[in-house]
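Take a look at the structures listed below.
Next come two complexes, and both contain chain A; in the first it sits with chain B, in the second with chain C.
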Partner chain A sequence: MWARAACLGLRASAASRRRSFTSAGADPQGSGRVTAELIEHLERLALVDFGSQEAVARLEKAIAFADRLRAVDTDGVEPMESVLEDRCLYLRSDNVVEGNCVEELLQNSHRVVEEYFVAPPGNISWSKPDEKGPSHTAE
Partner chain B sequence: MAAPVLRWLCPGRRWAFARTGGCSYHRRGVPTASTSSGKRGQSSVAQQSLITAQEPRKGDREWAAVVGLEIHAQISSNSKLFSGSQVHFAAPPNSLVSFFDASLPGTLPVLNRRCVEAAVMTGLALDCRINKKSLFDRKHYFYADLPAGYQITQQRLPIAVDGSLAYSVCVGKKRGQAVARTVRVRQIQLEQDSGKSLHDDLRSQTLVDLNRAGVGLLEVVLEPDMSCGEEAAAAVRELQLILQALGTSRAIMAEGQLRVDANISVHHPGEPLGVRTEVKNLNSARFLARAIDYEIQRQISELENGGEILNETRSFDYKLGCTMPMRDKEGKQDYRFMPEPNLPPLLLYDSASLPAGADPQQVINIDQIREQLPELPSVTREKLVQRYGMLPEHSFALLNEVGLLEFFQNVMKETRAEPKKVTSWVLNTFLGFLKQQNLAVSESPVTPSALAELLNLVERKAISSSAAKQVFEELWRSEGKTPAQIVAEKQLELMRDDEALEQLCRATMEAHPQVVMDLKKGNPRAINKLIGLVRKATLGRADPTAIKDVLERQLSG
Partner chain C sequence: MLGWTLREVSAALKQGQITPTELCQKCLSLIKKTKFLNAYITVSEEVALKQAEESEKRYKKGHSLGDLDGIPIAVKDNFSTSGIETTCASNMLKGYVPPYNATVVQKLLDQGALLMGKTNLDEFAMGSGSTDGIFGPVKNPWSFSEQYRKKRKQKSHGEKEDSDWLITGGSSGGSAAAVSAFTCFAALGSDTGGSTRNPAAHCGVVGLKPSYGLVSRHGLIPLVNSMDVPGILTRCVDDAAIVLGILAGHDPKDSTTVQDPVKPFVLPSLTDVSKLCVGIPKEYLAPELSSEVRSLWSKAANLFESEGAKVIEVSLPHTSFSIVCYHVLCTSEVASNMARFDGLEYGHRCDIDLSTEAMYAATRREGFNDVVRGRILSGNFFLLKENYENYFVKAQKVRRLIANDFVNVFNSGVDVLLTPTTLSEAAPYTEFIKEDNRTRSAQDDIFTQAVNMAGLPAVNVPMALSSQGLPIGLQFIGRAFCDQQLLTVAKWFEKQVQFPIIQLQELMEDCSSVSENGKLASVSLK
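After this line comes the complex of A and B, so read on.
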């Protein structure tokens, strides 16, 4: 499961790197090293556990693989943002046709209080095994 | 330590003295959480400072503040932005939630036409350039009330850009003069609202209601062209009126339909801009200006004391009257923006580019929307000034209260009285009574017809103005009676019997020879005393001007 999650994390970061990858991070020249800081940052953003050194190595290989896209000359070519770009965006009329299914929805929740979903207090925290997770007070 | 006097002025008036500026501030010591209280004067900070203008000392430098706003307005529509569940303010928790809103797998967003129209209307009203092609993106962050883990918004290419919003601030000693200001609109974008979290600290849990998740929002980004809380509040108010006139949003702050975040920084004029802080969730019109002004003062004090401003997010504590850092924002957020893969670009057309034979339900024509735009508040005000010759400030006041303009126009339809008189009665007497009892115009016990009838009586000189006020009071208290009935009951008709008036004047003068002598000696106030005495004798039923005429005639004759 973590491999799949790592791939998802990779896809997102590769796409955003093409725009402006602003976080502290990998050397854009592609020396291939992914720092511990970057791993921690990615884990916190994506709530993904990289788990082991093997996973980090796999991530580095995946980034190197994706970097081969840079070999393509895209000067003057408009990026394709969606394979749907020449599809028509369907406009729905403003009618109420859904909703009213509280019971069904609440079945998915581990804990329920009256008709509310129950979540942990504050924001979803990320705690490493060796440090106490910060408990954020939510907005 | 003597507190130096620092002045912070709006850019347009940097070199003028405090009193004439729209917003001018003196540093009044370091505001700390413990000393500020929500009750710090009933008047706004600006009003307090205007009273104490002082000479600047040598070495004191001026400050200029810069305020930008991000305003989120809930779109007034039947269903949500990307799903067919209902939009409604109060409903049982999670009853207005579809599978898509709950982010269940296998669901896809389907764009609501009405929301696009609302965005285009708002863009046109704010003089924006409407982008014929706009794109949707995902903004990722984790929070319990954002079930998908991302919000669909328009970051790269929003639906409308480069507009302007014209508003007015009241300046001058009596704050009666309206000065026009403009703020640029950077962009307007469509985005989803999140659900609501209720924090249960006692049981250490958060309860989540997704009724609001997925409701369409218009985010209006205003450039930092404003320089104080008052300007920001005025701009927000005008935007609120525009949205309400267009019908694109009901924009009621108390119901969370209009939310404002402010970006605030201070700097010395001529120097580069300072570090800005973001003050989030300013959800009350009353506290909007105060929160911004507090933050400006805080930044000035901090910098004056040698501190520095952190680029952080703060929230306004209404009870303490101060801004506090929001502890859960650690470092800069990385939203990992990516194009929304499930939505093609949004294409809009105008009459020239409309594809032939297209299904009208599936295309949006900007020109058609422009033609059908309702009248904007600024146009309505201008018409009032032109048609009735009223002061601009009065036109503002008429539009500032829900239903008041309609009330005024209904009175005007049925009365022969002068517009100035009607304006005065509606804005002073009528509005005064409403405010006193905290009523909306729709809850008024006095109908426009009743007020019109009353004003007609005054116009015909059937009753005096002061009698009219008494009648109005009675109208307010007892429903169902007409002004004519009340006048008859209380015998408030103006005396029409000239003969009786002449006699009364003569009798009064005879009874008060002292006053008459005073008058003959040349004391100008004696005549008023005489008039007062005669009025008392007539039980307030005689017109003071008529009395004056008779007395003067009798004295000279």
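After this line comes the complex of A and C, so read on.
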């Protein structure tokens, strides 16, 4: 009985190829929504640069892919943050039970002075053109 | 002996047929012989031998710690291991030596397991081929198997055998290859979208993804906090159950582990499946599914039915959206999780010192590969104020619909779902790299990622060889926290299909022969 249903299912599915499972190959090209401003904005937020036009194209494809979610009717559906939402988070009692590992932790850093991690000045906002210089990655 | 099950080796160790040191050395020698697979990033030879020595002392006194005492295992390189470099196959963490053990690693070590090394992966576990790490791709041991080579010779004459090697799948490819090539008895992987089950299917091993919340993620370098789970790779279902029994349980250091009490369990040997209801999700019948996998899937369903189980078609209506939903949620959480890598407290640090932000940006440019950067940027896009509702929150809503699909199916009386794990057998590397990482992940994860979104347990069980002599596995999905029942069904199935052992004879020359019958049957030892 199952075998027959499966055969029918196989034939039907081949016919309805239109509603494909993944159409990664058929992704529409980006609609040009990734403007230069957006690129700069994202690079500033992420502190990671695109590095190439290909990367921008990949983002456009990723957005186009994500746009498919619009087809789902989510009226009245609550967002799900965790599959364990029906349970209580475990909270420990507020007592110190571990610590005193300063040396171990400092060992992993490249720049340390006494017990401080050394960071460059923080009050200079990052603007890409200044930093690019000769180390700009080309693909 | 390297092909034995955990219980068999454990018994041999107890009886003194072999010592932990001898076992350790056999595995180390095999690791050296199989170096071309590139399964290991770090081989912790000294550590393993020292652990073997201690295990030997325990056995001599008759105080072995359990089934894992003296057993070689491997750990994916995104689990923190104290004193042993943990790189996540990325420049960002090259040279990083964690000061602590991940909880799951600690649990294995507490049971006396021998840590053979850290295995290779896609950079930061992002990928479905284990091809995108800085240490290079992992080669599938089956590329070098007698079974595959025989079929290749029949088809093509005079072609170089080595140039067309196959991928392992990913991202836990190193772990899968390590287990498949007999260099260890069990390995830890991680599973966010199928990263344990996918390589398990391609490498012909059992890949278990436990229920979310069952196994601690403390020390697992996070990718997607709401979906990550440590995965277990072994050569048989019984072994996976043993390891799960040790790893499962509440961890005060991971508040996302549930507090339900957990005990190690022995899997019953199911003989009667007449009370079982197996669901076949019709939406998983994708057009891209290879005809061989499709027919094996059908065959498996028929097998259950012929043995008396109830096999019914079920529907998971939102399946076609699950990969998109996963893509949005995954990149968003990744964008957040990768923000910790700034070069200040650990990891790679660039030379620029002009400002904090400049330093962060350059460090991250140097430390991350394109795949990681691409995901961070996509994730940041979806999290922008103007996009948050339409993409991130929308995806969260769709996630609930997907999770509910599963709940509805299980509530209707289905015990397990049976689906393919992958679209086809392992692809040659040269084919695989023709498409980019994101495209491949979207294609390869389709059967596996919905499970991560719902937090359910799932397991890949190797079923049969393809016409090319390569492994094909099927996936069983269980109810949340019903991992034991899931594995019980998987074990029954494994016994029915008798998946053949990989023939790597040339490599196994001076190690004792793998098994008498040439078939891996689940053996129950008292």
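Keep this in mind: the second predicted complex is superposed on the first by the 91 of 139 C-alpha atoms of A that agree within 3 Å, B and C clash if a C-alpha of one lies under 4 Å from a C-alpha of the other, contacts with A are read in each partner's own complex, and residues count from 1 in each chain.
Following the convention adopted for this analysis, contacts are C-beta pairs under 8 Å (C-beta built on N, C-alpha and C of every residue); 3 or more make two chains touch, one makes a residue touch a chain.
The shown structure was predicted, so the numbers you read here are calculated from the model rather than taken from an experiment.
Undergrad: Taking the superposition as given, does A:R92 touch the first partner, chain B, the second, chain C, both, or neither?
TA: Both: A:R92 reaches chain B and chain C.
Undergrad: Could you say whether A:A55 touches chain B, chain C, both of them, or neither, answering first, second, both or neither?
TA: In the superposition, A:A55 contacts chain C only.
Undergrad: Considering only touches as defined above, state whether A:P120 meets chain B (first), chain C (second), both or neither.
TA: Touch status of A:P120: both partners.
Undergrad: More residues of chain A are touched by which chain, chain B or chain C?
TA: C
Undergrad: Quick check for you: in the superposed arrangement, does A:L47 touch first (chain B), second (chain C), both or neither?
TA: both
Undergrad: With both complexes superposed on chain A, which partner does A:C101 reach: first (chain B), second (chain C), both or neither?
TA: Both partners, chain B and chain C.
Undergrad: Taking the stated contact definition, name every residue in chain A that is touched by chain B in one complex and by chain C in the other, in rising order.
TA: On chain A, the residues that contact chain B in one structure and chain C in the other are 13, 19, 22, 41, 45, 47, 81-82, 84, 87, 89-92, 101, 105, 108, 111, 117, 119-124, 137.
Undergrad: Chain B touches which residues of chain A in the complex?
TA: 12-13, 15-16, 19, 22-23, 41, 45, 47, 81-82, 84-102, 105-106, 108, 111, 113-124, 134, 136-139
Undergrad: Show which residues of chain C lie in contact with chain A when the two form their complex.
TA: Counting only chain C, the residues touching chain A are 96-97, 99, 212-213, 226, 250, 252, 255-259, 280, 282-283, 285-288, 294, 298, 301-302, 305, 311-313, 318-321, 323-325, 327-328, 331, 335, 342-347, 349, 352-362, 364-365, 368, 370, 373-374, 376-378, 380-382, 384, 390-391, 393-401, 403, 435-436, 438-439, 442-443, 446, 453-455, 480.
Undergrad: Name, in rising order, each residue of chain A that touches chain C in their complex.
TA: It comes out as residues 1-3, 5-6, 9-10, 13-14, 17, 19-22, 24-25, 38, 41-43, 45-51, 55, 58-59, 61-63, 65-66, 68-72, 74, 77-84, 87, 89-92, 101, 104-105, 107-111, 117, 119-126, 128, 130-131, 135, 137.
Undergrad: Which of the residues in chain B end up touching chain A in this complex?
TA: 77-79, 83-86, 92-100, 102, 104, 110-116, 135, 140, 142-144, 197-201, 204-210, 280-281, 315, 326-328, 330, 332, 334, 336-347, 361-362, 364
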